[in-house]
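Before any comments, here is the structure.
Letters are used for the chains, namely A, B, C and D, taken in the order the chains are written, and counting of residues starts over at 1 for each.
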Amino acid sequence: MGEFIQLVVTGLTTGAIYALAAIGFTLLWQTSQTINFAQGEFVMLPAFFALAAMNVLGLPFSLAALVAIALSVLVLGVVFKTVVVDPLIRQGVLPLVISTIAVALLLKDGVKEVYSAEAQPFPSFVPDTVVTVLGTPVSLSQLGVLAVALAVIAALQGFLGGTRTGRQMQATAQNPTVARILGVPVERMVMYTFVINATLAAVASLLISPIYLAKFSNGEHLGLAAFVAAIVGGFNQVRGAIAGGLLVGVVDNLAAAYVSAAYRQAVPLALLVLIILFRPQGLLGRREERAV
Amino acid sequence: MKSTRLVTALAAAGLVAAAPAVAQQTVKFPNIIELSGAGATVGTNWRNGVELAVSEINAAGGILGRKIVTEHVDTQSNPGTARAAIQRALDDNPVVIFGPIYSGSVKATMQLTADAGVPQIIGGEAADLTAQGSKFIFRTSFGQNVSMPKLANYLRDEVKAKSVAVIYVNNDFGKGGRDAIMKELQARNIKVAADLSTESGQADFAADVIKIKAANADAVFVYLNEEESARFLREVKKQGVSLPLVGETTLLGQKVIDLAGDAANGVRGHVGLTVDAPVPAMQEFGRKFQAKYNYKPDHNGVKGYIAPYMVKAAAEKAGKLDPKAIASALHGLTITPDKTPGILIEATWDTTGEIDRISFLAEVQNGKQVITKTLPKLKP
Amino acid sequence: MKARLPLLALALVAVALVVAPLGLQRYGTYILTLWLVTSIAAMGVNLIVGYAGQETLAQAAFLGIGAYTTALLTGAGVPFGLAFLASGALAFCVGILIGFPALRVRKHYLAFVTLAFTVLVWLVIRNEQWLTGGVMGMNVRRPGLGEINLRNHQNFYWFVLAITAALSFALWWIVRSPWGRAFTALRENALRAESLGVDVRLYTLLAFAIGCAYGGFAGALFAPLVGFIDPAPFALAPSLLFLLMVVVGGAGSFAGPFVGAAVAVLLPEWLRFAQGHYLIIYALLVIVMMAFCPSGIVGLVRRLVALRPKPSTADAPAAPAKEAA
Amino acid sequence: MASVLEVRNLSKRFGGITAVDDVSFDVHEGEILGLIGPNGSGKSTLFNCILGQLAPSAGEVRVDGHGVTGLRPSELNRRGVSRTFQLLQVFPKLTVRENLILAGQEHQGRMLARLFGKRDAGLTAQADRMIAFFRLSHLAEETAGSLSYGQQKLLDAAMAFMAGPRLVLLDEPAGGVNLTMLASLKERLHAINAEENATFVVIEHNMEFVMSLCSRILVLAEGRIIAEGAPEAVRRDPRVIEAYLGH
């Protein structure tokens, strides 16, 4: 039983990070019909911004983390939207999908060529101290990751539900045309979602890199996890993405322990296929009725 | 009269050999290795080792008067790409081919070099590579068929483990090692308490460590690639596991120590090659490598370094730079550091291309690999 | 004149392809053969993406299904011809099986399902060592063809060339048939097509399954070409590259997959100096191309040709179904 | 007079909103029925329910006496019900002739015959007849996307009539079409009704167009039929005037 609880807790920790990536994924989809295949790379990159800031500029980690978030907002938010998404939005979804796949390739190989092909150690906010809670050893860093991720999610939920801008963003996400008629500055709201996505990705990056080590290929796994989390939870709901992220994290851990380590990756994907077959709107998603 | 004859002879030689004469100043060694993908660390070490040795050999006049030119080709850690690259290299009728290091890539390519009759000096350690009857495969390090028995002895005699949890990476390297160690553990009546497969490139080892804790073994045998080893060790520390962690060469390598930090302390096991070995030539190599590339080489750096020296010794024994002659010269050859200093440690190749030399038991203490014991050659 | 010019060009290309290996060594021929095999798989992607307007992220998985089917069958003594057909047929059936549920629901769900499928196939190939050799891979022997020795690289090239020609003709036949018209219709406007009696679900499924079968056929040739197969070339990343190469070449045009495969297979050979930067350049190219010329290189060339003053504009923005490059 | 289409107690609800509320009516062979009503009165939803594009919440649809409720649009089309769309719906990259051939091809032969069999089977001739009938012959080789808006509307209508349907549902055929083109469209629709005894239902906002085209008119408001009758009678019906002015 102790083993089970521990598996669930560690699953929630990684799941919370998946959720950060998955939320951004659904936000982009809702506001701009962007299926971002580079989402994993968006989580991979900010760690290297931080590393560069530390190693090249000689900044301390806390400052470097801020630099990483700022650069992410600029590059993965503003630049990504204006340079990649905006020119393509009229061409339909497929060219945009292709383009984000190319962006993923670009970021991955860019980091590999410019920084390093090898994994880099990455500092952690909280030290790796082990404390014993109720007889189970728990690492402080793990609790720290969980706390930060949940705090960021709570802050985001508070922002979306509790502020005027947040509600305008939600209106934009639900129906841009109606939002525009109601006087919501839709363009600005769309830009905000890209900025929020970049920020969430940067936070996820800073949280996950001490565990994963910073490496150019980290995005492959993270992207897949965020993708599965978003669809399983419900493509059109932020809380769906949160639930999906936590669920995927826990399911992945339990699968590794109790199903088969060799097929652990298969379990979340099987979940994805089942959801598509039997509940295409996702666990918490709203049903969308459309002609054909 | 005498001088005319000399002139005619020179002219004749010139006529026959004028064009190839320029080419004969150099000899090309294609080096087909893992420079990107999962094997990037491994391949980069090997490449730097090769480059260092080649620059030394060239500075000393080359092999049989010919300077070496190396061409590094990336296999992307992919056997199919490796096969194509070797095919391409063979089109130029090379004297020898270096690489690949990943056993899967070696397996995919060894038939090609065997058909072409070109010696292939590999970094692969899978047990069965030398058992396929190729006369042109030569190892630079122990195969798992040699290292795993040594490691199993270590587990039995030094760690005194009655049961062992095995965690391995599910690729050609890890799977081969896992199969080899299983056989050896069984032969020594050591119980396998857990047998955990992990992904190549796996980032999250939380579930695996939890399972290991639950397995209640006396020791853990860790057979993962560098980065995965580091992630695993960090997770072990995070979860407060205090079992003996035992590994083979990779786990005690510098890259793992760099990446895992504190978490690597206390890790121990068998090491085939290391620059921390109590052998002056080896330590000297480590210093030269560090000076040139600014990091400490791992065993793959050593493997790459000795490869050109193997060819040099064999070619000098054969008296010519000819692929078949080099291959047959290497069979049964013992290369000693006093004649060929670049070989670093005396080594012998048998007729299957298997290597024999001394090896070491080691432990990581305070972020450094420390040799605790030297194991003799199998056939001294 | 109008009809004769493409025919003449086609004949020239055919002759060039037939004589190409005469000047090449083993490796050059290998790369050329790899290009043909890649083109076959890319033709399948083009049918799915370019003609029928669906998204597939699974072509490498179908390549794998074909490769392992052929490797296992020929290994068990089945003649290559039979193994080849079985590879395509199996890929077709699997395509139906995964396409059917995916196409019941919304459009992008085919992309999601194929993505999951690719990873699952890769896992099976890797883990079921008793069948596939797992991560250790398996060696594949080249088939014999009566008197002809296909171990010879040139003979094998011509063999693959003949199959490529046959498969190209088959695809050309399909896209010019009423099926092809229906595929184009459901890409352009599925709602309208459905209201005109076009069974959108059935046609989409057929386009997808035929495209998958091309992946299977390509795999059947890939295995004996490389001579060794392991899970790596059938993972998710190569599947994504298949999608990219078709779009770069020109989705929805007949020549597109050949051009795209050339960019993906031949160009890296010529750009060896660029080595690691190749993929970066490629990715940038794709992003720029999507923004300014979503019809790919073929579309770009056609646009450049159309810029030349011409007496007739009849065939300028030709419909895909009319093209026969 | 035989009924081509029978709609019985059809309802469609979206969440809490009832878009179509217990609607029943018949369409008789050879008639041109107009369907009018203010914006949001449920006309298009009704069309989509009849045509299988939306699943009705309740009720039944019969064509020539056979129940077709729940059939998909393509199946319904192959049973002789075709339609046009409110917003322009042609295949812009296909030529005019190809658009028409496409509209006819699924109505003949089997699936495999469409791949392996004879390519034409009279389709081209039929397409050219439709092209000529809608006076588009000079544009037969042009891509549909290069036509003017009005010409595309004609093509859209031609496609709906291509396979000799039992019933055609036209959704705002006059919308956005200029006056000359409108006259020509009306004239052609009358002609096809007279010559082929074609039956159709027209949704239209252009009152003049609908009044002069149709023989009978249904008025829909808030999802219900509030009036039915000959054009002149409907025009004077106070309930109709109230429904239009009251909103």
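By definition in this document, a residue touches a chain if its C-beta (ideal position, glycine included) is under 8 Å from a C-beta of that chain, and two chains touch if they have at least 3 such contacts.
For clarity, every value in this text was computed on a predicted model and none was experimentally measured.
Once chain A is ignored, the contact network of the remaining chains holds as one piece. Placing every chain at the mean of its C-alpha atoms, the farthest one from chain D is found to be B.
Comparing chain pairs A-C and B-C by the number of C-beta pairs in contact, the larger count belongs to A-C.
Averaging Cα coordinates per chain places chain A and chain D 47 Å apart. Spacing of chain A relative to chain C, judged by their CA centroids, is 33 angstrom. A separation of 41 Å divides the Cα centre of chain C from that of chain D.
Shown for chain B are the residues in touch with two or more other chains, namely 36, 170. Counting partner chains per residue, chain A shows two or more touched chains at residues 112, 220, 262, 265, 291-292. Under the contact definition stated at the top, the residues of chain D that touch 2 or more other chains are 53, 73. Those residues of chain C that touch chain B in the complex are listed here as 25-27, 30-31, 34, 126-127, 129, 134-137, 139, 226-230, 232-233, 275-276. Only residues 3, 6-7, 10-11, 13-14, 112, 117-121, 128, 130, 132, 137, 139, 141-142, 208, 211-213, 215, 217-218, 220-221, 252-254, 256-257, 261-262, 264-265 of chain A touch chain B when the two sit together in their complex.
Chain D makes touch with chain C in their complex at residues 51, 53, 72-75, 77-78, 82-83, 85, 89-95, 98, 101-103, 105-107, 111, 114-116, 119, 141, 143, 159, 162-163.
Every residue of chain C that touches chain A in the complex is listed here, in rising order: 49, 53, 55, 101-102, 105-106, 108-109, 111-113, 115-116, 119-120, 123, 126-127, 190-191, 194, 200, 236-237, 240, 243-244, 247, 276-277, 279-280, 282-284, 286-287, 290-292, 294. Of all residues in chain A, only 35, 37, 84, 87-88, 91, 93-99, 101-106, 109-110, 112-113, 220, 224, 227-228, 231, 262-263, 265-266, 269-270, 272-273, 276-277, 280, 290-292 touch chain C in the complex they form.
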